[in-house]
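Structures for review follow.
Across the two complexes that follow, chain A remains constant while its partner is chain B and subsequently chain C.
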Partner chain A sequence: MLTFVAKRLLLAVPTLLAVLTLVFVLVRIVPGDPTIVILGDQASNEARQALRERLGLNKSIGAQYVDFLVQVASGDLGRSLTTNRPIVADVAAVLPYTIELTLAALFVGCIVGIPLGVVAAQRRDGLVDWFARIVSLAGLSFPAFVSGILLLLVFAIQLRWFPVISTSNASDPLERLRALVLPAINLGFLMVAYVTRVTRSGMIKALGDDYVRTARAKGLVPRLVVWRHALRNVLVPVVTVVGLYLGVLIGNAVLTEIVFNRPGLGKLIVTALNQRDYALLQGLMVVAALAVVVANILTDLTYGLVDPRVKTA
Partner chain B sequence: MTAPAAIAGPSAWRRATRSGGLAVGIAMLGAMVVVALLAPWIAPYDPNDQNVMLNLAEPSAAHPFGNDQFGRDVLSRVVWGARVSLFVGIAATLAGVVIGTVIGVVGGYFGGWVDRAITAATDVLLSFPQLIMGLLIVAVLGPSLFNLILAIAVTAVPAFVRVARGSTLAMRERDFVDACRALGYSDLRIMFLHVLPNILDEVVVMGSLWLATAIRTESTLAFIGLGLPPPTATWGAIIREGFDNLLDAPWLSIFPSIAILVVMIALNLIGDGLRDATDPKAPQ
Partner chain C sequence: MRQILMAATILVGLGIGAASAQTTLNIGMAAADVGQLDPHRATTTQDKPVVSWIFNGLVRFKPGSASLESLEPDLAERWEQTPDGLSWTFFLRKGVKFHGGYGEMTADDVVFSLRKAGTSQTSSFSADYASVEAIEAVDPHTVRIRLKQPIPSLLGLVANYHGGNIVSRKAVEALGADFRLKPVGTGPFAFEGYKPGESVTLVANKEYFRGAPKIDRIVYRFIPADAARDLAFTSGELDIVYGRQDQRWAERFKKEANVVVDVVRPAELALLHLNTKMKPLDDKRVRLALAHAINRAQIAQFKGDLVAEPGVSVVPAGYLGTDDKAPLPKHDVAAAKKLLAEAGHANGVTVKSVQTSLPTMLNSMQIVQNQLKQAGIDLQMEVVDHQTFHANIRKDMSGVTYYSAARFPVADVYLTQFFHSNSIVQTPTAVTNFSHCAVADKEIEGARTATDPARQKELWMQAQRKIIDEVCAVVLFEQLQVWARKTNVDLGYKFDGAIHLGPVITETTAKK
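Moving on, here comes the complex of A and B:
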């Protein structure tokens, strides 16, 4: 297990390096003088020169690149251009909220999507199957900010079941959970769509397989055949699809946080955009890319959990 | 919606049209395209005409979708917004399809280090959340029509590289490619006159699904504040303005949301229908 993790981590290094290079290049192709972008065109030459030195822009592009890599490798993402706070501290302060939201959405996706897909596969073209199709079509069609606004309108503003502003820093855990419900449903909606589709098509195939027929023939309870035998084999593609779309989920988490006014990476990104804080933006991109790489590793590790054959392979 | 019978099943056309989803999708999308094309004639008012007397006015007979915070007619803005969303989406998807497919075919056809380099670059681009990548590009370059299309196209390219490369790899082993080589055809001719037509259906399916993503990305960027600058009417921007007035004027965000949903559902129905048509083994 440990060697598997170590190998996987080593494999992630070139990907990470390439992503970092991409971020570095993207942030540096900003047209025009970055000091004008940051300080405005009224700033004095001295002020601009001072800023250039502070940002290391007076060095050659190669030296800047090496500086950047060394900085990131030592866990330093630099300082915000507007607040001068260390970016790592800013990110660390809000990251738990984004992780909490993403995990909650994954939970919603699996707890709704897997049973829905299984039942839809068992009763093809039945009522549940049609419902599953409509749900997954809707889940794939709703932009996260549109579904978020509609959820807010119905459940927070009209029915008042949930708070309009999800300030999940409330100390009461129950209150915090209540504030999490709507954002988690909103973000989980897309996951429900993907998981339902994969589970359904996987189950349709599995239910026709020989081992399922054997299990049925030896007189196992039908429920056991479906939920223990067939479903176990469908879990691998489910994990694949969950891992594959984790990146999309992270992108949508940003939108969900904006709509529900939750603290998190999303609000930080919007702040960075509004204040043209390119240092903060660069740091956030690194964190986002890192999150996807970590998510991919976790996905690979989960294969071993749901399918013992993967570990030995 | 029944499953297509095994190999000797109905023709692709029958498979595609049997569920009805494809037809419904095409009708919905067609209606929206007509609205976009005829915007100057069917929009009841100028989308940028302000009328202080009607600030945040509720929907009425004269203004069925209500008015926004500047008293502008929301129906006219939604109608004009269709132009931006569809144009940006189609242009970006086309660019992504063309660039991605060419790169993918070249990688899959030649193999070796060319393929390895292309695959590695694709993996890196795919490891970046697509929305965040688009956001970064627009933020860096500034929100103009061209930059929006560029940003969305860049995020689309890796997906098409992957599809085209995979299909080309499979085609390369086919006898007809060997035959072309034996005839002394150039690599360029084999790639784009013989391999490309055979992988096009998969690219088209992917393209229809990606069009949905492209339009969603455009409206999302507009919602975040990275869309075309005001006063241009775009669906995402109208929803944003509605979101800022959610308590006083919920209709402001509801009507453009419905417009986006119609297009998204239409494109997903079309994509699913086309996939069922091209893949006889596809479930449902």
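Moving on, here comes the complex of A and C:
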């Protein structure tokens, strides 16, 4: 397994390099000037030019690219142009929140989506099946900022069960959990949609297979037939979807982070882009790309757990 | 005996509880993050209020006022100037301490601060100090400023605003570049912590020279999403919130129980800068036609009378030197069409504009576009994101530039930055002269050094009238600042003005 992980990480290097290069070039093509953000709109051209020289922004793009590669190769993501803070510190400050939210959304997605998909398949065209299909459609079509506001209006303002804005100042773990619930549901809604669909269609097929008919004929309890035998075979495509959309979750988290005012990687990327903070944006995109690579590796490893026939050599 | 011990324990516990109960003020700001808190670099709307809670100047704007006439002693107890106006001497308060154990504020810190403020590598406001010849410490509590030419409004340069904020020399030298996010001042609140994208926390400076603050802690939260910020305020998680400069928003929150909505000056003046070097706007008749096509009153009405007023001149109303009776071109569509015909555009004319996608600015321009259409002027807008807008207008790419800004409340600053030839875009000394206006340089420079206040006002008035006559810019409206707070927050003063773009939290501010 270690060999497998090492091979996959090595293969990730050219991927990361490609992402880095693309971000490096694209950010510099987009119009905008970080010196206006740093110095404000009352600063003269002279002052901005002097700052560009100090930040090395007056060098050719090629020279800036080489400087950047050398820096990254030595493990240094550099410093933010606007705050001068080490980018590693900024990433370390927000990454735990992104991981927390993504895992919570994943949990919501699986804990709701898998049972809902199973029951919908068992009672095809029944009330539960229709409900599952509507939930799935809503999850895919509802914009996250709309569902987020609705959740806040109902559960935070009317019922006062949860806070409106998240705070990392909460030293009490229960308070922190309370602040995570609504954002997790908001982001998890998308995951519920995907997982329900894949589980439902997989279960419909599995429940019609010969081995299930045989298990029923042998007199096995229906609950065991469905949850132990049929579902086991459906989990592989479910894991595939979860792994595939984990990257989507990380990207989609930005809207949830903004609506619920949670710190996070996505929100920081948007801020860096708005401020034309090239250095911060590059560093964050490296981390985001690495996160997707790690997610894919974990997905591949999970196959082995779910289906012993799959070996990770 | 056991009961006595239990009672004593309860009493002590209650006492400790009462002593440790802290008053925290939660403030919500419409921004994703702080810019920087070095006061000589803090230019953004979100940074300026925080800076005002941490720093002092030699003089200060009276809390709640944005008027130069309200300037009063702050770190300086008194001051003198020579009859020729070329030398000012400030006598400092004794025993004022910097935060964080950085010692007593002395003349050395003042000299260091003002020199730093006047240096382009360490200040975004260095141009304001171009007429300062020397700053010296006469003794540990006396500072002398010598000028190249008289500056009648010098007190504005040493006020608790922009470059006038006094920093600790030791702290700046010790912290270096980190000072921008670990500021050290003498104000009522000291910097405690910063969480990226979340908040800045300040704690009360118990040794503040005006008295210990009643508020123990300020948590300044960055909440860029309007809906989240409004809901957090409604739910009580925020005590003070940056309001939307929107009539409906102000009306909605005015109706809410336990809420006070403050609408204050200085306002941001919205102008249409007309590029006099770009066809067809290089023809004054076309520019005048554009000015006649604009209906200022209608735009202000659209914005709402609670949060906007029609502009009065090319300098915001209420500034020292604003010409309140400036002869602005009247709304007259027939006159506009006649001028266009005289200029050879009887069938209409097209003008181009680079425009920001920020909703509050874009919707104003859509009104303008519609008004211009009535006169046969087709305004084609290239809508881009806000950073691209700022970059492109400075590259002289726009024929019509909509720009909304407030500045230090003296006509000189606005006229210099927007209408002096030194500030023309794409030049080395460029600031924000998008129109390439150069008709009033003599009057602007003359007013800057005039020692007679009446003569100074006369020169400023002449400058404004020349600029209006040349149609370098068309005056639109003034957008007032909007804040909301819970009624249990007593600012400690009458909130009429916010020179720092937010309520000043002083030692007298309290939360019941």
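Here is the rule we go by: the second predicted complex is superposed on the first by the 265 of 313 C-alpha atoms of A that agree within 3 Å, B and C clash if a C-alpha of one lies under 4 Å from a C-alpha of the other, contacts with A are read in each partner's own complex, and residues count from 1 in each chain.
Quick note on the criterion: a residue touches a chain if its C-beta (ideal position, glycine included) is under 8 Å from a C-beta of that chain, and two chains touch if they have at least 3 such contacts.
Since we're looking at a predicted model, the values are computed, not measured.
Of the two partner chains placed by superposition, chain B and chain C are both touched by A:Ile258.
By the touch criterion stated above, A:Val94 is placed in contact with chain C alone, chain B being left untouched.
Contacts of A:Leu26 after superposition on the shared chain: chain B is touched, whereas chain C is not. In the overlay built on the shared chain, the residue A:Arg160 is in contact with chain C alone; chain B does not reach it.
Looking at the shared chain after the overlay, A:Asn296 reaches chain B, while chain C stays out of its contact range. After overlaying the two complexes on the shared chain, residue contacts for A:Asn274 are found with chain B and with chain C alike.
Applying the stated contact rule after C-alpha superposition, one finds that A:Ala73 touches neither chain B nor chain C. Shared-chain residue A:Thr83: touches chain C; no touch with chain B.
Once the two complexes are laid over each other on the shared chain, residue contacts for A:Gly247 go to chain B alone; chain C is not touched.
Shared contact residues of chain A with chain B and chain C: 30-31, 145, 149, 152-153, 157, 258-259, 270, 274.
Chain C contributes residues 32-36, 41, 43-44, 120-121, 124-127, 177-178, 180-181, 195-199, 219, 221-225, 227-228, 231-232, 234-235, 237, 384-388, 390-392, 394, 405, 407, 417, 423, 426-432 to its touches with chain A in the complex.
The part of chain B that touches chain A in the complex is made up of residues 1-3, 120-121, 123-132, 135-137, 139-142, 212, 216, 219-220, 223-226, 236, 239, 242-243, 246-247, 250, 253-254, 257, 260-261, 264-265, 268-269, 283-284. Only residues 30-33, 36-47, 49-50, 54, 82-85, 90, 93-94, 145, 149, 152-153, 156-157, 160, 163-165, 167-169, 258-261, 263, 267-268, 270-271, 274-276 of chain A touch chain C when the two sit together in their complex.
Residues of chain A that touch chain B in their complex: 14-15, 18-19, 22-23, 26-27, 29-31, 124-125, 133, 137-138, 140-146, 149-150, 152-153, 157, 200-201, 204-205, 247-248, 250-252, 254-255, 258-259, 269-270, 273-274, 278, 281, 285, 288-289, 292-293, 296.
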